[in-house]
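Across the two complexes that follow, chain A remains constant while its partner is chain B and subsequently chain C.
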Partner chain A sequence: MLEARLQTGALLKKVLEAIKELITDANFDCSDNGIALQAMDNSHVALVALLLRHDGFEPYRCDRSLALGVNLVSLSKVLRCAGNDDIITLKADDTGDVLSLTFENTDNDRISEYELKLMDIDSEHLGIPETAYDAIVQMSSNEFARICRDLQVLSDSVQIDVTKEGVKFAAKGELGSGSVTLKQNSNVDKEEDSTTIELNQNVSLNFSLKYLINFTKATALSGRVSLSMSSEVPLLVEYKMESGYIRYYLAPKIGEDV
Partner chain B sequence: MASSESPARAKSVRSAAARAALAIRSEAQDDQTDAHSGADGDDYDAASQTPSGRRVRRNTTTSATLVTRNKLTSSDKSTPPALALPIDNLVPDLEDLVADAARVRVSGRHSPDYHHFATPASRERVHDAILVWYDAHFRKLPWRRDFHNQPTTTDEKPGQRAYEVWVSEIMCQQTQVATVIPYYNAWMAKWPTIEDLAAADIEDVNKQWTGLGYYSRASRLHSGAQKVLNDFNGVLPSDPVVLEKEVPGIGRYTAGAIASQAYNVPAELVDGNVIRVLSRLRAIGGDVKSPKVIDLHWKIAKELVHQNRPGCFNQGLMELGATVCTPQNPKCGECPVQSSCRAYAEMLDNQESRQEAFKAFENRSTRADDRDDNTTEACKLCVPQEDMELRDQELLTQYPRKACAVSILERIRKGPNGKPTSEFLLVKRPEKGLLAGMWEFPTVEQSQLRADHNQPDTPSTYKQRSESSQRYLVNKFKFDWIKTCKDIQRRDLGSVQHLFSHIRKVYHAEWVLVVDGDGVGNVGRDEGKKNKKAAGEGLEVEWLTAAELGTAAIPTGINKTFQLLQKYKARAGNDVDESSSGRKRKKLEVPEDVAMKAKKVKKEDGLADISKFFKPSAK
Partner chain C sequence: MGIHGLSKVIGDNAKEAIKEDDIKNYFGRKVAIDASMSIYQFMIAVRQQDGQLLQNENGETTSHLMGMFYRTLRMVDNGIKPVYVFDGKPPTLKSGELAKRTQKRKEASASKEEATEIGDTEAIDKFNRRLVKVTPEHNAECKKLLKLLGIPYVEAPCEAEAQCAALAKAGKVYAAGSEDMDTLTFGSPVLLRHLTFSDAKKMPISEISLKKTLEGLNFTMEEFVDLCILLGCDYCDSIRNIGPTRAISLIKEHKNIETILENIDQKRYPIPEHWPYKDARELFLKPLVTDPATIEIKWESPDVEGLVEFLVRDKGFSEERVRKGCERLEKNLKTATQGRLDSFFTVAAGSDKKRKAEEPAGSKGKKPTPVKGKATGAGRGRPRK
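Showing the complex of A and B:
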């Protein structure tokens, strides 16, 4: 039995926007700890790990672990019927085959109820090891989205170089080449926009821009994004929410420029 | 085990003796239980055990007399119980189950009754055995302090025991027992009664919980306590239905636990351990995720639950699952209900010659109390298990499972150098679900198999699977030639299985060989890339040689089916095999990175598979 009430429905809408392009169907693994989702995209290049911790809901109740197989496109369609300020309640029975959603508006004079049929999804759950990354860049999520968008004009892949001085995003294509460099700054006035770098070792890695742009769909969820990198290890792009996170993993491009 | 060479008469004689021995055994068992509870100084147990024991005795003796009708009755009466006890008495029950298993295996089907306990006697045998085992093996835990006593002792206020069980059950969720013990003791010292807890400050409650994790459990306990105080006068209800419905944080399982352990209400409960024990005990092969199968487990648990000591029985069942009937390498030798275990019987049956076991079944004139005789109606829940090449251990751990039909379509045609080469058809899996986007042989999933033949209640046969596969090929890839093609061979390769983290999937493989493969399967890469996507409903298909198969990323389960084909070819030793192995050697000279690259192109320009970086989790 799952019962989870979310005060700001917009959060769930944004979460769905952030993953539905990448993944079509996935299991929401509900446990005492909260609602989690882990899935690879269709081509097995990227992996999404989502966690909505129990304390983000009020109340949250789940006494037996449940896997709710959901078609994300359908779910986001249903969520479109909810207002941004609506309170959303998710409910599911241990044995039932539907996820029921209730949307209440703030004046409490409109209640809509939807039931979404669940699917049986076989998913391979991957264990993601704790990794000590060579470089961790924290930056404004809007800035990251803009850089990806801008560089897409030139190429479908981006090279990210991280040094002590700053982080450089560079793209090279038939049209020509371009790059954006962000210097490490600790602007106290505008902490939201600052770029900070934790570095053990310089890194220089290539990633598919198409996927990165897909990841930036989560920009609305957090003002900050962190990029964690080590050579020959998937890039971790993390958007932290108030009680939870959305993490994207992207396998590095191999041997493209060689 | 059964000496199947013995003539029918000897057989019946033997079972009669066995049946009588059983009667003696259950008597002996009664004595044991009585003695045990007597030692505990507890009248309640002795009183409760004897009537049920008597019922067992009555039942078994009737069947013994019914069956024998000859001088044996007198002869076995003279058998001293001590002699009958050790090994022989275990055999007859199991023998029936093995005969059942043999019949199910040979007929390929079983009735829904196969999963139930047919008679009260067979149920009692199981729960008596579990209780006896539990009495000897239970762990001493703080919340089991009045383990053998009647739940409500005089100095306790009503509901106190329920409160303790409730706290312990909530604490034990997702947490190891050893961790829970100190927390439980501290909790009980701080809030000995439900009133104390209800009056406590939520901050305090959370603080007390620090370190246990999943803090919502603490707040739910707290709000639950307040609700119980307000709505139920501070006493947790004894009806599991009310518990589940009214008290926050109490689900079906916890409700069952509280009702049975605190109030001695015969309420059933099912958790992961119980699911495993029951699905083995009753050979339930259905997908444990499906609501119907979960329902069946609850039903069986309900049938089985002990009327007088439900709490002990439930805990015994869970403890059995935790310590003996483990997911891997179950300790069948230590199992108290081994003689009632269908999975164990199926394993024994597998050890014997299958045919001989079947003969044994036909020769049996006895009727066991727990026989699966309802052959008119077939069970709809289990995934068919046919001719699986299982090792003994796997027969036990095979539950639960899923199945599918795989057709390995091979075409032989003239290669670029004029030599015949053989190629295999591979299809990209749908871009969702299990192994999304990986390549496999054309596979028909079980749901489709059943839908095709409109027979959700019978297991598939090779013929049906073959038809389904053909229909699939025709519909999806417009392989209409397959219907008219004369130069085509089809072979049943048997089946293999592959263990995913939670499901055991059975692949039934079929080999479809098209000897004159020129112009066959117009979706190959020779016809240009444009065809690849165009072929049927957006499914990507490709013809690969055996060597390319070796380097392509195909799931292990599918790889196993290919090995099955190679084994088959090796056995048959036909010339197709020779030509393919010759070609294989030649192909292997292709630099590996070239082959790799070809594979990668199919994915996404030069992107690595992310699953290579992360291991499938151990769970």
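Showing the complex of A and C:
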């Protein structure tokens, strides 16, 4: 039995916006720790790992681990019926076939209830090894979204180079080339906009912009984003939330003959 | 051709072994393609509006080249790296099957004359397609084309499907691309069908996994091969009155053909007089192939001028199209291929099963097990009720 009450319903709406383009169906794995989700896109290029920790809900109750298979498009449609300030309560029985959602407005005079049919989803859970990344860039999530959007004009892939001076995003295509460099600047007044780099080794990697732009749908969830990279391993893009995170992994583009 | 009714058997008994996917999700995959079968397919499918084979000014057939050129481009455009495998000498066991095919061709030829007599154009067209024969010249021209395109090809010592399977088994390529189901019987871990179909057909790629097939049937590879022989293969007859369902249950019970023969009523199920099932089994399990380790597969830049010379001057293709095609080939060769997460992260085995095992324990009479039916909708999941 799961019961989870979320004070700011908008959070759930934003989470759905952040993943529904990438994956269509997924299991929400509920345990006493919180609600987690892990899924790959169809072509197995990107992976989303989401965690909403139990302390983000008030109250949160989950006696036994439960996997709720949900069609994300349907869920996001139902969530569109909730107001941004609504309190959302999720409920599911251990053996039930539905996920029930209750939306209460702040004045507590309008209560709506929805039930969403659950699905059986064959999921391939991937074990993600703990990686010590060579470079970790922390930056403004808005800035990251803008860079991806801007460079998309030129090419469908971006080269990311990280050195101790800064991080450079470069794209080259038929109509020309372009790049954006962000220098390390931890001393700015607004901490939100600073860029910091932890570096063990310079890295240079190539990624699909289409996927990165997809990831930036999570921008609304956090003002900051971190990009963790090592040569020839998937990029980790993480948006931290107050009690939880959304992580995206993206396989790099590989040069000739590997 | 292939194994009689095997795709249906797999569909019925090991549904999870078959996966349908868009061709664009196969980017970066290397695939060994059964060239001889593809060429045959092109000669049947690539036709003019009136059903005639494509020809150049001199009346030479160009259907096979047209098909090879554009379907290869289609794969390359989708990021697939094809390597073609040509048939060598057919195994002696196949002579019976080949004789049957010659016989059928003769019949078609006779029927065609009949149809011509009464002027039934539809029937003429139908029999024309049955008369298609791939000649050594067609094969040679296709090899020339591939060389100019910079696409590698391999000449198999014997059956092309077997060589494709060997390449896939050795990890030289991701999968074997063929319509022939016996590619699985030859031990290819993954078989891709519909790979060389035209874009216009909008046919998704059907990916069949050998491992999941065996799991679904609960067979070993040897049992699977015996099942294929019972279903009917190219190399020997099958037993009359034994259909797919009976074949499966017989193998389940007796494990191999020898034991089945000892136990079944030979009056009801007459064993063919000369029945070299042991040889057929040997052929499937230990086919004559070139050792994949000695084969080097390399994709190269296309020889544009050579292609123009061959396709435009000799075969009457449009120069503009050929040059455009070359540009696409060149571009795709250069661009970096998108990697996949599966090659970095490993599937955590059991996580999924564990959950399934936990479920029944807590269910009080109510069963949350899925209704095994047709997968509905575009998603991966099935409705629970």
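In this text, the second predicted complex is superposed on the first by the 254 of 258 C-alpha atoms of A that agree within 3 Å, B and C clash if a C-alpha of one lies under 4 Å from a C-alpha of the other, contacts with A are read in each partner's own complex, and residues count from 1 in each chain.
Here is the rule we go by: a residue touches a chain if its C-beta (ideal position, glycine included) is under 8 Å from a C-beta of that chain, and two chains touch if they have at least 3 such contacts.
Since the model is a prediction, treat every value here as computed from it, not as a measurement.
J.: Since both structures carry chain A, what do chain B and chain C do when superposed there: clash or fit?
T.: clash
J.: With both complexes overlaid on chain A, does A:94 touch chain B (first), chain C (second), both or neither?
T.: both
J.: Could you say whether A:1 touches chain B, chain C, both of them, or neither, answering first, second, both or neither?
T.: first
J.: Considering only touches as defined above, state whether A:43 meets chain B (first), chain C (second), both or neither.
T.: After superposition on chain A, A:43 lies in contact with both partners, chain B and chain C.
J.: Considering only the touch criterion stated at the top, classify A:118 as touching first (chain B), second (chain C), both, or neither.
T.: In the superposed model, A:118 contacts chain C only, not chain B.
J.: Check the residue A:25 against both partner chains and state whether it touches chain B (first), chain C (second), both, or neither.
T.: both
J.: Between chain B (first) and chain C (second), which does A:170 come into contact with in this model arrangement: first, second, both, or neither?
T.: neither
J.: Mind working out whether A:61 is in touch with chain B, chain C, both or neither, as first, second, both or neither?
T.: first
J.: Considering only the touch criterion stated at the top, classify A:137 as touching first (chain B), second (chain C), both, or neither.
T.: neither
J.: Can A:12 be said to touch chain B (first), chain C (second), both, or neither?
T.: neither
J.: Mind sorting out which residues of chain A both chain B and chain C touch, each in its own complex?
T.: 24-25, 40, 42-47, 64-65, 67, 94-95, 97, 120-129, 208, 233-234, 249, 251-256
J.: Flag every residue of chain A that touches chain B in the complex, lowest number first.
T.: Interface residues on the chain A side: 1, 24-25, 31-33, 40, 42-47, 54-55, 59-61, 63-65, 67, 94-97, 120-129, 156, 208, 233-234, 249-256.
J.: Spell out the part of chain B that touches chain A in their complex, as residue ranges.
T.: My answer: residues 173-174, 213-217, 220, 248-254, 287, 289-291, 294-295, 431-438, 500-501, 503, 603-619.
J.: Mind listing the chain C positions that touch chain A in their complex?
T.: Touch list, chain C to chain A: 16, 21-22, 24-25, 27-28, 333-334, 336-348, 351-352, 355, 358-359, 362-364, 366, 368, 370, 377-385.
J.: Touching residues of chain A toward chain C in the complex: what are they?
T.: On the chain A side, the touching residues are 24-25, 40, 42-47, 64-65, 67, 69, 71, 94-95, 97, 117-129, 157, 206, 208, 233-234, 249, 251-256, 258.
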